[in-house]
Amino acid sequence: MAERKFRIGIAGASGYIGSELMRILCTHPNVEIAWVTSESNAGKRVHELFPNLLGYIREEFAVWDISLCADVDAVCLCLPHGGAMAAATEISTRFPKLKIVDASGDFRSPVIDKWEQYYKTKHTAPELQKRFVYGAPEFNRQAIKAAQYIASPGCFATSLNLLLAPFAKHGELVGEVCVTGITGSSGSGNKPMQTTHHPERAQNVRAYKVLEHQHLVEVVPFLEGLNKDNDFDLFFVPQSGPFVRGIFSTAFIPLNNHKSMATFNEIVRDAYENEPFVQIVKDTPEMRLVQGTNNAHLMFRAQGDMMVGLCAIDNLVKGGAGQAVQNLNLILGLEETAGLQHPAGYV
Amino acid sequence: MAERKFRIGIAGASGYIGSELMRILCTHPNVEIAWVTSESNAGKRVHELFPNLLGYIREEFAVWDISLCADVDAVCLCLPHGGAMAAATEISTRFPKLKIVDASGDFRSPVIDKWEQYYKTKHTAPELQKRFVYGAPEFNRQAIKAAQYIASPGCFATSLNLLLAPFAKHGELVGEVCVTGITGSSGSGNKPMQTTHHPERAQNVRAYKVLEHQHLVEVVPFLEGLNKDNDFDLFFVPQSGPFVRGIFSTAFIPLNNHKSMATFNEIVRDAYENEPFVQIVKDTPEMRLVQGTNNAHLMFRAQGDMMVGLCAIDNLVKGGAGQAVQNLNLILGLEETAGLQHPAGYV
Amino acid sequence: MAERKFRIGIAGASGYIGSELMRILCTHPNVEIAWVTSESNAGKRVHELFPNLLGYIREEFAVWDISLCADVDAVCLCLPHGGAMAAATEISTRFPKLKIVDASGDFRSPVIDKWEQYYKTKHTAPELQKRFVYGAPEFNRQAIKAAQYIASPGCFATSLNLLLAPFAKHGELVGEVCVTGITGSSGSGNKPMQTTHHPERAQNVRAYKVLEHQHLVEVVPFLEGLNKDNDFDLFFVPQSGPFVRGIFSTAFIPLNNHKSMATFNEIVRDAYENEPFVQIVKDTPEMRLVQGTNNAHLMFRAQGDMMVGLCAIDNLVKGGAGQAVQNLNLILGLEETAGLQHPAGYV
Amino acid sequence: MAERKFRIGIAGASGYIGSELMRILCTHPNVEIAWVTSESNAGKRVHELFPNLLGYIREEFAVWDISLCADVDAVCLCLPHGGAMAAATEISTRFPKLKIVDASGDFRSPVIDKWEQYYKTKHTAPELQKRFVYGAPEFNRQAIKAAQYIASPGCFATSLNLLLAPFAKHGELVGEVCVTGITGSSGSGNKPMQTTHHPERAQNVRAYKVLEHQHLVEVVPFLEGLNKDNDFDLFFVPQSGPFVRGIFSTAFIPLNNHKSMATFNEIVRDAYENEPFVQIVKDTPEMRLVQGTNNAHLMFRAQGDMMVGLCAIDNLVKGGAGQAVQNLNLILGLEETAGLQHPAGYV
């Protein structure tokens, strides 16, 4: 209790990921929020924008200023894609020892030209990118613990990684891997637009960015790095669903002819049996049972030469702020689960 | 106007498909509802059970009795799966010329042993099954027009057929075809159960009957019948979504090496350019734009060796009562679209 | 059948009310859509904006021009509040015999200063306002039939009128009348904003414009005009609900001491027993049973000195485009229900 | 940290209130769950029924047996209405010093004949009822702290109390007080039924038990006990909304002529300024901002002689298991807020 708490700054705290990060950190036992920034809300008290945090956070939104970093142990970047590159460059120059967890897409992909193509932006910090470790704790834990800079994965990317990386690690991804994923409206952020306009979203399902979602530029290199001996193609169709939180992904994974389903079950067990935030469920993941939590529920089943994998996560938590805190815990040397153990409601 | 209207009886009218059939037929220009039956609601006025039909249907629910059939031009069976076998047998014996459109699963599959396995029931009328034509008008129109008995397709089956049958007709289904489909809660019928309990459904996505949904026993033989020269495997993962009406299906279809996407586009155009209820859309189908209608919206896109097909329908209309009316129109020699042309709302 | 159809122009057709008006009129037996205008979508085909109308409307959106009016029997104005004043003034000058149904708020209130206060706009056509009849057919039918210009009521206003006007007609509104009404998100129109942003609306209920909703400036004068001999105060709390279509209103109406509930029931029966679009239901209105239709479901119940009235309508139909068509039918001398008789689905 | 935790038993833990109680208590710093009972799930692990609690609770559901009570500091009763009477009688006889928090309706009303009429059951423990203190901490805190037996209020009752009790304490409830409240589907419990069948609930609003909801038998006596010098009538219309969690209530409270709104604001401030779980908000409560929490958000506004009060709570937390824990904390001498301080998400 008398232990010093780590002081954390949050840059870009007025979006949904920022708001979730504050929600989690404000009751985290080993961390305190030192400051939060938002250009558009500077001077407002946090609870004026987020009344759900009334009584939990007293801070005002500050304007980003590099000098804020003098006083903290780590910075979480929740800036819009593109914004993190500038901030991280500034931090790395002025405070070369400060730790960073970046929740944006800026540093997730080592394949800069692909990144530039999918994000439609010039990457301004390709050298710095090389110093970022991809924050997928189930597969990269030791590297994360040793790292100074973490690129926390995207929401769809997290569900694809959880479904595919265990097999990639054994070189078992072959042929054509097909995945659909349906996401809630909170994934689109807090700025109203036509596809999140309630009358048009509330009873709708649609696809978007068919076969060309930007999370592919982080998932494919990551899986290829693990799956050294074999080739595969990844086809991904993202969909928008009429709910607020959650991603439910379905993967069709060709069974490598040389392997049986028993082998695949063993691979899954090995991958996840000691993971604090991954549970293998019996019948089917149910999205509502992970909403608000850092948990991922998975199921695998095979028929003939095909395995189906199912995965449910909360896009803003395991697919966003929760995984960022998991990474933060690891780079600060804290218990990996600290601040993240609140069960979901059953309904 | 002075033309006689066809008289139609509806057996098993108290379920959701029956209620939709009444909704459509009560404003159909060439048809009148002669009687409707429901064992559990016998004696009740239709609008007591379905207040939405107040002012549109004056009938009471009758108890099923074969003598009702003396007076009608056709019978629509909306009985539970299993119940249609008995009724159709009775009708075919006593009124051998009467036309039947069956909305249940009983006569959809010629592969009786598979049917018995998936429906967990003994099939009691396998000979009669052979006289039923599968009511997929986009692919079977001439046979339907000439038929006396129609087995109207299932909801998921309709979306799978629309996505895959055009290619099957050209023998282009090869390899492993993978499909996900997400359905609304109305697909589970009007009897409350845990998976349709609002607190547990309203913010949930889950899978069920993974790789073993009963609609496979109608779809696979139908596609195989079309796709004579090639083999394919069909893997289907049905999902439950937090909405009431609609199915959104996503198919991953390997492109036959000998064919280009251009060829495939031509196949799609040939299949659908004159179809009154199928529209090829530009970006993505949107489920809400087909809700309440008999329309199917489709989109196809390819990358490398893979084509993705997307399909949105209303499970109770194109996937149920609407397609039944489309089939009814065809066997009665009416305009195929009669009674089915009401646009959806935009929201 | 050989009868000429009335030609109707729709100004401002790209909003939700405009889209609903097109949805209804495109299958109306006695009417054809002559033209539709939208400044921001000029040149686009209607179905490009509203794919639900593909196959039903071939028109392009035109730019508003007074010369369009040369060719039509009536014009429906679905312009934003404020815009109808200018258009109606222009029409009345250039085509002094043309009929107008205005769906905006501009001409609904004879109390111009109150109107200006609630709508925060200068009223530029107060003289013209006097020539508009308030389009509440259940209470104003004869005046509507004889009128040239109709101001079609607002959505909340329609539900308040239906709950209170029968009693006002008998001078029975006394004391403090309290009403809550909860509305779907489509009531806010097609422009995305924070309160209709799906993540923030989908699981929320909130109040807004507490005691000061602008529909009071049409309802209060209308009811006062009917309720000549007594005074009453009207307190109204509008609420936003997590659904797309519909309004559910609850009125607490003090029973005048001199009258019994039996008398009140008689008043209700007299008011509505021959109304084609109003049904008195037994237990409770259910919003979903009127969605998509022009129907209003009502129930009244008393205890001690208080009567409770409940009302469910579709805000875009009976509270918008449907009632506008009902008014259009009346001023054109058509059957009042023409084009408006499509039952809702049960789910 | 070395402090002993209080041991708590939960009888009837397989319903939604029971599941919420477990969700809250499993991370409560000063309490441990000793046992949980469920007749229908006896022998099952808690997480088999409630997978959201996997990793948080290891217990199996036991069959209720009075000997379980030997080992605990307090028992929470989450039995169905009617069931708590028997259990509490047995406990009070065999373990006369054991503390009880009852979440059912059995002991909430001192007016036994009214209770029997509204609950349609014979009350079998009227003497024991007198020993229960009504667990509304904002108004009864000292009595609760001193009590052995607590009857924790109902969900609607909690929102009515919060809206009306501050005025009752000053004798300011006069005339006719009218309230509407809309509740989520979780309020109906975990057993599927027609009104919670997703297809029929998901886009619906309806009223039920108009003017005769059973929570009136606890609210009216409670308010009358506070509001000694004046008479009032309470008219309450409960409604079902298309969401899972939450109650939004709207009260119309006649302003006593002798008092100004300023006085009423002072009454509100006095009542709530030090309350840990009640916040007065500026514009409107928003239901989603209290979902999952023990908070109540309120707003009051007046016009002429009428005040409007708005209240949002989570029906399962502040209106159920959360308030039960608040009461448990008080009778155990713990910090009132212990285990209850988790902010809601913003979306």
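Labels for the chains are A, B, C and D, by order of writing; each one numbers its residues from 1.
The working rule: a residue touches a chain if its C-beta (ideal position, glycine included) is under 8 Å from a C-beta of that chain, and two chains touch if they have at least 3 such contacts.
On a predicted model such as this, the values are computed, not experimentally measured, just so you know.
Trainee: What is the shortest path, in steps, from chain A to chain C when you may only step between chains that touch?
Mentor: Each step joins two touching chains, and the minimum needed here is 1.
Trainee: Report which of A-D and A-B is connected by more C-beta pairs in contact.
Mentor: Per the contact counts, A-B leads.
Trainee: Could you give the separation in Å between the centres of chain B and chain D, each centre being the mean of its C-alpha atoms?
Mentor: Taking the mean C-alpha position of each chain, the two centres sit 47 Å apart.
Trainee: Distance from the CA centroid of chain A to that of chain B, rounded to the nearest Å?
Mentor: 40
Trainee: Round to the nearest whole Å and give the separation of the Cα centres of chain A and chain D.
Mentor: 37
Trainee: On chain C, where are the residues touching two or more other chains?
Mentor: 16, 186, 199, 203, 242-245, 286, 347
Trainee: Using the touch definition up top, name the residues of chain D that touch chain A in the complex.
Mentor: Going through chain D, the ones touching chain A are 1, 16, 19-20, 23, 26-27, 50-56, 186, 203, 244-245, 279, 281, 286, 289, 292-293, 297, 316, 341-347.
Trainee: Once bound in the complex, which stretches of chain A touch chain C?
Mentor: 16, 184-186, 188, 190, 192-194, 196-199, 201-203, 242-244
Trainee: In their shared complex, at which residues does chain C touch chain D?
Mentor: Contacts found on chain C: 176, 178, 180, 182, 199-200, 203-208, 210-211, 233, 235, 237, 239, 241-246, 248, 250, 252, 254, 283-288, 291, 299, 301, 303-306, 308, 310, 312, 347.
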